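Presented below is the structure to which this report refers.
Chain IDs A, B, C and D follow the sequence of writing; residue 1 opens each chain.
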Amino acid sequence: MSSLDNKHNGSARVGVYICHCGINIAGKVHIQDVVDIAKKLPGVTVAKEYKFMCSDPGQEIIQEDIKKGLIDRVVVASCSPLMHEPTFRGAMAKADGNPFMFQMANIREHVSWVTKDKGLATDKSKALVAAAVARVMFHQPLTKTQVPVNPNVLIVGGGIAGIHAALTMANAGKKVYLVEREPTIGGHMAKFDKTFPTLDCSACILTPKMSAVRAHPNITLWTYSDVVGVDGFVGNFKIKVKLRPRYVIEEECVGCLECIEACIFKHGKFKDEFNVGLAKRKPIYVPFPQATPLVAVIDPETCAYFRAKCKKPCADVCEKKAIDFNQKEEIVEVDVGSIILATGFKTFDASRVARYGYGKYPNVYTSLEVERLVNAAGPTGGEVVLANGKKPKSVAIIHCVGSRDANSNKYCSKVCCMYSLKLAHLVKERTEADVYNFYIDMRTPGKGYEEFYERLLLEGINFIRGRVAEVTDWAMTPDEEEKLVIRAEDTLVGKVRRIPVDMVVLAVGMEAQPDADDVRRMFNISCSHEGWFLERHPKLAPVSTLTDGVFLAGACQGPKDIPDSVAQAGAAAAEALALIDIGHVELEPNTAFVRDEFCSGCRTCMNICPFSAIAIDTEKDTAVVNGALCKGCGTCVAACPSGALQQNLFTDEQIFHEIEGVMNYV
Amino acid sequence: MDNWRGWDKISYQSDLDPRFAEEIASIPGGDKLFACIQCGTCSGMCPLSSYMDVTPRQIIAMIRAGFKGDVLSSYTTWLCASCYTCSVECPKQIKITDIMYAAKRLAIREGVYPKKFPIPVLASEFFSAVEKNGRSSEGRLIMKFVMKTNPLNMFKQAGLGLKLFRTGRFSIKRESVERVGELNSMMKFLEMEHMIKKASDAVGVKEDHK
Amino acid sequence: MSDKNVAGSDFEPRIVAFFCNWCTYTAADLAGTARMVYAPNARVVRIMCSGRLDPQFVLAALRKGADGVLIGGCHPGDCHYQEGNYKALRRFTLLKTLLAAMGIEEERVRLEWIAASEGDKVQRVINEMTEQVRKLGPLRLEQIHQIEGSHHSAAQVGKHAVMEGAV
Amino acid sequence: MKYLYYPGCSLKSTGRAYEESALAVTEALGMRMDELEDWNCCGATNYMSISELKSFALSGRNLSLANRQANNTESVSLVAPCAACYLGLTKAKRYIEEYPEIRSKVDGALNAAGLEYRDHVRVRHLLDVLVNDFDQRSITERVKVKLAGMKVACYYGCQIVRPYSEFDDQHNPTSMERLFKSLGMDVVDWPLKTRCCGGTLTGTVSEVGQRLSYILLREATRRGANVIVTACPLCQFNLECYQSEMSKRFNDSVHIPVTYFTQLMGLALGIPRKKLGLHRLFVPIPDGVESPAAGGAHVLA
């Protein structure tokens, strides 16, 4: 049982360093007062302040004091330990101090940035410094353990981000497992006709990369598959992947598509997911001609064989005998050292904005549907036509559907302005219709983006600054009969306008995948409010997560266009490569340990440990912690009835003294 | 050139009221007013915007910028029929209808509403009737209103009145609650509160907003 | 039990906050980065997981003069260590019974699930709790001392009660 | 569930037929609904323009009287058939319960009159009660008269769905359509069903207000409706009473019966026309639209 008496290490010499962080801290905290108090704390031999402790000269102050033998342990009062703890520990190690004889007091994020009153902020800083000093007195020298990093990588999601990350890693000679849940890789990009602002053909730039993935000797591609289990930690993850049966043997299928011809359904009858419902497919199908792998898939929900009797003409016609109705779901397990999540996004469900009439009026389309309409390989062969097959004479494109709206998503989806411009151009080019773009603010930051906007202005596209109030089908004037009527304020003119059009395109925003929450739980990472995966730092660690070894690429982290997704995928690959190149990871030594003399062998800890890291030494009948398996949560320590279990860096002694410390200066 | 009015289009900062926005925003939930992105959804949804001298969106912009006089004397707030479409559809969840009410109240308090416009007249008549009797007597209210705004209308509307009378839908009976005393005590209490607040504001005592 | 007359308007409650490293501590950092101003009365002690929270820490904080204790962990299902927060919840439930027996008001010890993205929740919870505890007034310590003076120490009582539930 | 009836000012004058038919229908359904004792004005629309706080206090008195009349029971619904009253009461309840500074003032005012505010009184619109507290099948079973020729346009107006409706979709409410389908009638698709009728503007700035009403009537007629049902006395007044004026003003013949939803409902339930106040309409429901229901009452046996 720990004592609450101040029975600290008598020979300890603590150095306390208070950081100004420019004016970030100094503007809200009387630094000198904190220094003066620190000097008086028991055990403190040095107390100093400096403008930026994290800078090289700042670190040198600490290093010199260690070298001079003035101090054997350090407290830095500055920002969050999640920010600079590694920096200062590193500095101590360089000066031959033990990096774990260190404690940080967070007087920026937890004090100066959140407190209004300077006096109160100073008091709180003093308390946190006192707590850190009280606790560091009980620190012991520790060493980090090293664990080798498995050089293989798992990439989840085969859109452009996943594809790019996979190729980067594979080209660097690493083994890549790429898992995609659809029957083909390619993601949203495969559905587009052109890309902004260059208007280069989406398929032309994407399909070579898709084939490269398929052909690459270092890439194992599992489509129609899901990751179902993740275990382990950075450097040593164990992954379970479920391969769903596609009832076509992938290795045998040559992609001749004869089976599809032979199907008893002579025409497509079921919703074609790839064409977002604008076309029909058969129960056996390939999503699109460049699908990768080009292997047919049978949908058991609609295939007649699974519902009643069918003579299986598909199987008969296949010379390679690739069709196998007995195929079963398969679970494969692989070991990887790092993981890149590239699970992408989903488009906003336009029917949630009832006043735009999506799902009610047949000529109201989403932008993704129009992407398929303008695509030469799409359901209409690239013709932009209405539900009745005629070309529209006038088209309205409504921006910000499901974006910038507290009733759906508050954020800006970032890509809609640009793709709306692209669609406006393509629709005008294909139909010569009058095109009206209704926008709130035109957002075109990016290379060549503003120039593209100007091009459209000159092309005669109509731009109306105003969020459309409603799309209706009731006429006020003869020219509105049989049309969809847009009602919006032209805010630059200051008048409400009614504009009759034939076709309405809703520029739907981007949302996190519906199962993003399950996925992030499986990979033990966090989500932001909107459901996007949370990066470690919004600016300085945008592709890392709070879980070491798990990286983010593409739109799963937030709305992104293609260039941003690719850039981020490259960055994620680089982070993973850096991890592999070092070859090992150092584990924080905050593991639990047993003080044999107090252990009664009750096994409470053993049952409570979620990582099975505790065993019983049968000879001594005491608990033993396996340091390699222990992840340092401390749950067992809190549960130990005799106080035999302790956690490095979080011993009862340390915490009790920290508690005592924070009670000061109120 | 008699109608040339271009010269007074410029607004000088000294003519604006920098406190106006905060005054309006002090209604419950009113501070969302500052989040307006001027998208115009309110104007577009508003079934009356086509009859307004400035659109609802412009009213928000004017409030924010301090155009107090222009806002309070505009017809827009009075044309608002309180259908709440704007409030429901606003992407920033600004309580636009409530803001219109706030502007109306301020206009009445400061006596700057459009004087001959019938709507504020109806509101005032309604208010005083209810304040006195606890209920409004529709028949009496309509008569009073017509007398005050456009007595000639009395003849124009005679047909309608007659029809209502014949179908038993028009009565000049004075409606009232039984326990008028209860209402009086309530109203007196609120008026006292109001006076105390005004007095304390005047001497600079601020209520503690926690 | 608290004496409101003693608690003058200058009474500043002292709150010790135990935040888990992965969710709530990160959320508090986020509140800082976003400059969300809140009451300075809570001082954070970082632990790796709310599962590390030994009920003795709470009792020690109260005994050392805290007027309230806030415990912050990841939302259920979100624990970085799989299930430490569930353990924390169980212990907390039992600890509350103990505190109630000691006559300590319920509002003084609070458990909140705060995710890494919920900086605003840190702000709201700390503000709320500061005001609640301010209303209750300072915690009078005699009760704890009395119980600790008896044949079992309060800490041990807490620990044993918690043990039974947690295993 | 105890129901208390809040008539509001209109149901005692221009909207008399609404009160008559509402009471007749609820009686026919076996629902007991006592009038709120000594109710006062809800403090609606116009009042809000003068003093918000007084308006909330007025509603506060009604809610507190309701609680007293229900002997402080937990489950009491104050049923308001008038849309403006429904909104006035709902809004006041929201603001009183959401904003402590309003609560304390309203409490103070009520206490000064020896009254007390309690949270648990629910404010309901009559439509909500008839659609959601009754099994629609049981309503179908009570249909005694077939009104098959009626093509009904259901008009919600503004204030029962916006901004605080809890019983139906704000953008596309369907309660009334469901009710009239249960009653065996055809309903027409009419996207203007929640668009404002002009409110008090029809009386104050008639050229504007009547135009709004006219747009609604014209579009309903175009879509094949031959009767419009409403759930608000002001909407009913606007849509019905100005039809001859509108015909002149907009040079278009406007002629379509506009009833309270309870009137048409009562007709289907076999309640005599007089009891439903149908004789008070300017544009009558033609005689002879009723024929005995085929399914109807005997299904119960």
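Here is the rule we go by: a contact is a pair of C-beta atoms (placed from the backbone, for glycine too) under 8 Å apart; a residue touches a chain by one contact, two chains touch by 3 or more.
As the structure is a prediction and not an experimental result, all values here were calculated from the model.
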item: Of A-D and A-C, whichever chain pair has more C-beta contact pairs; value: A-C
item: Chain centre separation in whole Å, for subunit D relative to subunit A (CA means); value: 50
item: Centre distance in Å when subunit C and subunit D are each reduced to the mean of their C-alpha atoms; value: 51
item: For subunit A paired with subunit C, centre-to-centre distance based on mean C-alpha positions, whole Å; value: 32
item: Interface hub residues of subunit D, defined as touching at least two other chains; value: 171
item: In subunit C, residues with contacts to at least two other chains; value: none
item: Touching pairs among all chains present in the structure; value: A-B, A-C, A-D, B-D
item: List of subunit B residues in touch with subunit A within their complex; value: 37-46, 49-50, 54-55, 57-58, 89-93
item: For the subunit A and subunit B complex, residues of the former touching the latter; value: 355, 400, 404-407, 440-441, 465-470, 487-491, 494-496
item: Sites on subunit A touched by subunit D in the complex; value: 354-355, 472-474, 476
item: Contact set on subunit B toward subunit D in their complex; value: 27-28, 47-48, 51, 79, 81-85, 87-88, 97, 101-102, 104-105, 108, 117-120, 122-124, 126-127, 130-131, 134-139, 142, 145, 149, 159-160, 163-164, 167-171, 175, 177-179, 181-183, 185-190, 193-194
item: Contact set on subunit C toward subunit A in their complex; value: 12, 14, 16, 21-23, 25-26, 28-29, 31-33, 35-38, 40-41, 43-49, 51-57, 60-61, 64-66, 77-78, 80-84, 87, 91, 115-118, 123, 159-160, 163, 166-167
